[in-house]
Structure formats: C-alpha cells, structure tokens
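Each of the next two complexes has chain A plus one more chain, namely chain B in the first and chain C in the second.
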Partner chain A sequence: MKRLLFALFCLLSLTARASEPVATTADATESENFNPGEMILHHIGDSHEWHWFSTDNDHYTTYLPIIAFRPGQGVAVFSSRHLAEGEVHEGLKLEHEHLVSTDGAKVYDFSITKNVATLMIASALLLVVFMTVARGYAKRGTAAPRGVQSFFEPIIVFIRDEVAKKSIGPKYERYLPYLLTVFFFIWFSNLLGLLPGSSNLTGNISVTMTLAVITLLITLFSSNKNYWAHIFATPGVPKLLLPIMIPVELIGIVVKPFSLMVRLFANITAGHIVTLSFISLIFIFRNVGVAPVSLAFGLFINMLELLVAILQAYIFTLLTAMYIGGAVEDHHDADYQMGGGDGATPAQVH
Partner chain B sequence: MPPLVTPELGLIFWQVVIFLIVLLLLRSFAWKPILSSLKERESSIEGALRMADQAKLEMQQLQAGNEKLLAEARMERDRILKEATAMSNQFIEQAKTKATEEGGRMIEQAREAIRNEKNAALAEVKNTAAQLSIDIAERILRRELTDQPAQQQLVDSYLKEVKLN
Partner chain C sequence: MASPAKPTDPNNNSDRLRSVARYSGIGVQMAATIGLSTWAGYWLDKHYQTKTPWFTLGLMLLGLFAALYNVIRAVSKGE
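Let's look at the complex of A and B:
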C-alpha cells in the first residue's frame, strides 16, 4: 500500500514537473511569493492577531488585544488592529510578530496573542468539562456514571491507578490534581491545535517550558533527603568517582524537565510541520493533481496526530509522576547492599 | 536563536497564571469531588462484595447446621423407634410369660381340684362300697342258713339292686 502510494506520488510529481515551465510563465510572481518554510513557521508560531483565512480581496482576521509594558511609560492596551500591516501605534510596532518600540526602549509584551487566547479557550473547556463531570458525581453519588462522566471516568481512574499510584507510591494523592490537570490540559490543547485555524499551543516552547518548570519545582519541593543523598552520595559508587557522579546527577535534575519540554514541543510541532508540508506540496508543484496525495498523507498524519495528542499527554504525565516518585521515594539502606551501583536504576522498594 | 525555540515572556506569564488558576479551580471543584466519589464508590462496592461473601459463608454454615440438626433428628427418631420396638417386644414377651404362667397355674389348680374331687369321690365310693359290702355281708349272714343256691341268688339280686350312684 505504501509502495503504491509512493509510486502514485512519483507519477504525480512527474506530471507536475512537466507542467512547471508553463506554470512559471503563467504566474511567475506568485510562485516566487510562496515560501513554504516561511508559511509553515508563520502557522506554527505565535501571532498577535487571529488570522482565519484570506480571499483575494479580504483578510478575515480577529484582532487580539496588545498589552505592552514599558518601564517608565506604564502599560499600553489597545487592539492589534492598530499594528496591522506594520503600522505604528503608541510608539510600538510589530516586527515579524515581535513587539518593538520605535524609540528602541525595552518592551515587555504581555499581549493576548493567538496562543494566549487558545490557552484561555482550552482552560475554559477544561473547567466546563470537568465541573460537569464533578456535577455528575455530586448528582449520582456512588451510582454508575453516565454521559460525559462515563467517558472521562476510566481515563481519570487510569491516571490515578496506572500512572500516579504505580509511579509515586503511597503518597500519590497529593500530586494527583496536578497530574490530572497537566494530562487533560496537554490532551485538550493538543486536540485544539489540530483544529483548522487554531494555534499550536502545546507546540510552543514557552508553554512546554512552563509545564516542565512546574514539574521541576514540584519535584524539588517534594524531594526528601534520600533524593539528595542519592545525588550527592550515590550509594554503591566508590568515593573516588563522586566528583564525576555529582555533576552528572545535578545535570540530570535539569535534563529531566528539559527532556519533557523538548519532547512535547518537538512532537506537536513536528506533526504540524509535516501536515503543513504535505499541504504545501500542492502550492510547490502548482498542480491540482498533487492535492489527493497531499490530502491522503495529510489525513494520515492528522489521524496519527490524534493518537500523538493523547500519547504525548500520557508520556508527559507519566514521566512527571516518575520524577515525583523518585523524589518522594523512601529508600532503605539495606537495599543498596544487594542493589547494584548503577545510579540510574532506582533501588528496590519493598 | 530562531524564533521557534525562543521562549516568550508574555506567553510564559499567561501560561503560569492561567494554568495555576485552572489547576486550583479544578483541584477544589473537580478533582476533589470526583476522586472522593470514586473512592467512596470503590469502597462501597468492596464492602458489598465482602458482605456478599460473608452472607454466602453464613448461608453455608446455616445449611451445614441444618443438615447436622436434621441428621441428629433422624438419629433420635431411629433411636426412639428402636426403643419403642424393644419395649413393645418386651411387653409382649412379658405378657406371654405371664399368660403362660397364669394358664399353667390355673391348670395346676384345676388339676388339684380334680384330684381332690377324685380323691373325695373315691373315698366316698370306698365308703359306699364298704357300707354296701357290710350290708351285703350282713344280709348274707342272715340268710346263710337256709340254702346255698338261694344265698347265691340273693347276693346276685342284691348286687343288681346296688346302684353306684
């Protein structure tokens, strides 16, 4: 099947090549204008306006509020309509979606960008959905779940039993609200990002960085002395090796959330880039014949992204739970007697 | 740094603020009631299952008790029946023996009476016979002198007269 599709793809690209000279002469200016890399980066990046689509004459855009803080000048709030097409307003302008001051002063940009708006939508959705679910429990008590409640209950139970309980151990209940929130936040945001015209929230490094830092802070604040003992005096490691081991372990503290940040960002962004690349093929080849192939591949990637959406949410949550679990774990000295000196494998817990 | 991997302050700010608000709201208004309801339901299901198990066990014990009781009752019945049979047999035996004894005693009495009667009768017969013999002897003695054949005839006639009543 794959081979067949590939053959079809080659065939179609050949016809596209064949028709290229004609096309270039027909609309040479337009072909020069289309830059897939720029288009894709624009689509997956953040923006101060919500651009839905454009026709030949009009742009259909929702202008979002600009909130700019300049030290000494205070906060400026106005619609991003005033900054459209490179206009200057209150001494501010947009340079490649970057808010700058015309006089070169420092600007802190707290605008409600497309991503912030999506963040608000996702948060509102989370609140509405899970308060509805909670109301279901309040109404039906211990009776069997119904409706949206019965859809989310197995997932909540899965996160509680398979992720929190198994990775954290007996103290899991304290961390369950964070784990559930982060799981559903990432999942909902991922799904929202797949909608046409929506923004790439979880594929934004700022968002994943914030989540990863929150995980890091929770891990550090809930760590017990065994966790630090493991870092500064890794059991079973000869004293001579400790000068090497301590920096490695310290880097490990930061690398763990860093990997969380990059994994989620890269997975979601990559999905968006691949989908957009397939769509771009139509415009690169300037041939309608490519459209079915682009469509088929785009559809396939989109289906894959639906899976990735929940998978990445699960992985983020699971790893967060494991990091917290490592920090709150109770080690027993006896375990190290028989356990290996391998710092990466956690000691056995009885 | 390319813009794609450059964190933006504004977005981080909003993400922190909004995410923490969502976290706090969901924690108190969603996760807490949901998780406590789930726990409650699980414990109630567990309790119900345990109760069912206990009821089953009690039922089995009850059944076993019933069977034991029934077996005991059956044994008791058998014992009573046996005792009753034995007693009735004994009664019959006793009655039989008694009846036999009584019969024997009565027969003995009857025999005694018969014997006494017989003895009495014999005595009387003897007396009568003696009397008679004396009478006859007397008469014979009285007529002996006249004639022998007449004597004989007289004895015979006397003897004919005698009625052993």
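Let's look at the complex of A and C:
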C-alpha cells in the first residue's frame, strides 16, 4: 500500500517536472514580448480547441467539435479547425474564445470545449475505476481486497465512517453515493488538472457552481421541518427580531453552497496561477540563472497541489455532509449551522 | 451528536483534519456572506440608480451581522 502510494507520487511528480516548462517555453517563443498574464489566463481558461504545445514553426492542437444552436437557424456541428485563427464558418466565429454569430444573432454554445472533454474523461475514468472496484466486491465479497480495490477501499471507508456517519448521523446511507461521487470526482479532476497539457476543470467556476447547486438541492430536498422551523422561527429569538433573523438565515442557505463554489474554484485556480507564475519568471528575466530557483519553487507548488487536490475534495465532501446533516437532524438542541457538532470537536480547538 | 464513539488514537488525526476543514469553512463562509450581500447591494443601487448607495450600505451591514451571527452560532455549542 505504502509502496503503491509512493509509486503514484513519483509518477505524478515526474510528469510535473518534465513538462510544465516545455509548454511554457513554446508560449514564450511564440511572440517576441512575453506576456505572462496573457499566457497564464490562457492556461487556466477554457478553449474550443485542445492546444498541446507549440514548436518554433508548428502547433500541436486537437480540434474539438463546435456545437452551436441559434434560434431559427438550428444546430450547427463542425470541427473547431474551421474557426482557427479567427476564421468565419457557417456565420460563426470565435472572439476571445467566445462563440459569436457574425450577424449578431444569439448563439447558444453547446460545444465540446476543452473543459467539457476533460469532464467526460474524468467521468469515464471514474466509471472504469469504480466498476473495477465494484466487480472486485461482487467477485470476492468480504474477502481481502485486491489491486485497485485495495487502494480505494480505505478511502471509501474513510468517507463513510469519518465524513458521512459523523456528520449526517443514522440516515447517512442514502447520501453516501453522492458524497463518494463528489469526493472522487473532485479529486480525480484536480489530479487531471495537474497533468501537463490538461485543462483546469475544477478551476472553472461553472463546474464548481454545478457541484454546489447539486449540494444545495440535496440539502433543500432532504430538509425536515426542524430545519425550516429553525429558519423561520429560530428558537430563543424574540418575535420582534424575526424580521431581521429570517433574512439572515436565508442568506445563510445561499452562502453555504456559494462558499463551496468559491473555495474550490479559488484554490485550484490559485495553485495553477502560482505554478505558472514561477515558471514565467524565467522568461521575464530572460536569465538561465533564474531557472533553477523558479523551477524548484514551481515544483514545490506542484507537489503542494497534489495535497491540495485531495484536501479540497475532502473539504467539499465534508462540508456537503455537514450541510446535509444540519438539514436531516432531529434534535432541537443541536448545532444547525455547520451540522455535526460531535462531542469530540471542542477538545480539538487549540 | 449521533456518534457515541469516543476519540481513540487513530481517530484523533481525522478529528483534527475535520476541525481544520470545519473552521476554515466557517471563515470562507463569513467572507462569502459579506461579499455576496455587498455585491447584491451594489447591484441593486446600480439597477435603481439611487443617489445615495442605501442598498450597498444596508445590505453590507446586514451581511456583516449575518456573518458574525453565523460564526458565533457555528462555534458555540448548542448545549
């Protein structure tokens, strides 16, 4: 187990070391005056084509399908190759990665962008991995796990016992599928985002917003009357204060998923920006002497990102579980704000 | 709450991790409350073209109050 983890660690660090500078070198040589801000924003943003790297006279790019719907004109499906370098195809063109119609009509962009493609890859990866794990349980039952199964079993058990059971209480079982899915999805996407040439999936606010909205909906639909009683008639609050307290409680409902959304987005995006900034230093100073220092720092941040990848997945899952726990709890005296106020917590406050 | 298990040694680490996540969550939530309500007030002021930014002021103060109230309630045990 330990050896497996170590091997995984080495593998990930190797790719991080090998290729981050490669991609940036290409970007730097592309134009004479290197603009780090532009390069970084290009790297963390979404795009309609998958740009791997460039050499002095060549770009290595995978063109992804464009799917555009315009009311009255139907759906247009074609490769983004036709839109490269600002070309116009079927009355559509790309303006700063934004699909617009040349005649000013409204365009609904359903394209398989880089992020959408990564989302599909992450989902496929999750399916493959966890179908293998599930097959292991079907075949071996409660016998000792093997292979991939033995890597994921402790993590699954951790999420079940330490996150779901402690935060939600006796009704944890029906929420476990969502919690496990969201944990592994965020973790896998974070790690995929660290791979060279890949896209910054969990650093996209639309992705994190979707996850946060699902959490909000699950919380609202599983809420019991205690939860609502606490919002519209908070116990121990005088009637006169209720007009102030109700908006405060309602703000709380919206803010919880909002903070989930912002936290994941900000953490992942910040990590990418910092790594790329360190690498950019070489090209800003145009000095080989800077390279070892900035590479060392870049590598360090990259290693840190490996930790952040699982930590953010854990935090998202834990807070989701706590919000659900607050909504399904039966006791009146319990802490509704963050959910699970288990007896062990106060001792941990240093 | 629902966990009668008292913290044993292997549990201690995960409990600490849990606290870290929990309290960092409270911090982000506080910032998000103030930010979101201020932004809402700002937007309302812009939308209604108010001369004095009453919405920004009012919602910012409400957000501040809500953030503090939620933090206090989250960290104090409901015994």
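Everything that follows uses one rule, which is that the second predicted complex is superposed on the first by the 299 of 350 C-alpha atoms of A that agree within 3 Å, B and C clash if a C-alpha of one lies under 4 Å from a C-alpha of the other, contacts with A are read in each partner's own complex, and residues count from 1 in each chain.
We take it that contacts are C-beta pairs under 8 Å (C-beta built on N, C-alpha and C of every residue); 3 or more make two chains touch, one makes a residue touch a chain.
This is a predicted model, so every value here is computed, not measured.
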Partner chain(s) touched by A:Glu153 [first = chain B, second = chain C, both, neither]: first
Which of chain B and chain C A:Leu176 touches, first, second, both or neither: first
Touched partner set for A:Thr55, first chain B, second chain C, both or neither: neither
Which superposed partner A:Val254 touches (first chain B, second chain C, both, neither): second
Footprint of chain C on chain A - complex, ascending: 158, 162, 165-166, 168-170, 244, 247-248, 251-252, 254-256, 258-259, 262-263, 314-315, 318-319, 322, 329, 331, 333-338, 340-349
Residues of chain A defined as touching chain B within the complex: 41, 44-46, 67, 96-98, 108-113, 115-116, 119-120, 123, 126-127, 130-131, 133-134, 137-138, 141-142, 153, 156-157, 160, 173, 176-178, 180-181, 185, 204-207, 209-211, 214, 265, 269
Chain A contact footprint on chain C (complex, rising order): 1-3, 6-7, 11, 14-19, 21-26, 28-29, 31-33, 36-37, 62-63, 65-66, 69-70, 73-74, 77-79
Complex interface listing, chain B residues touching chain A: 3-16, 18-19, 21-23, 25-27, 29-35, 37-38, 40-41, 44
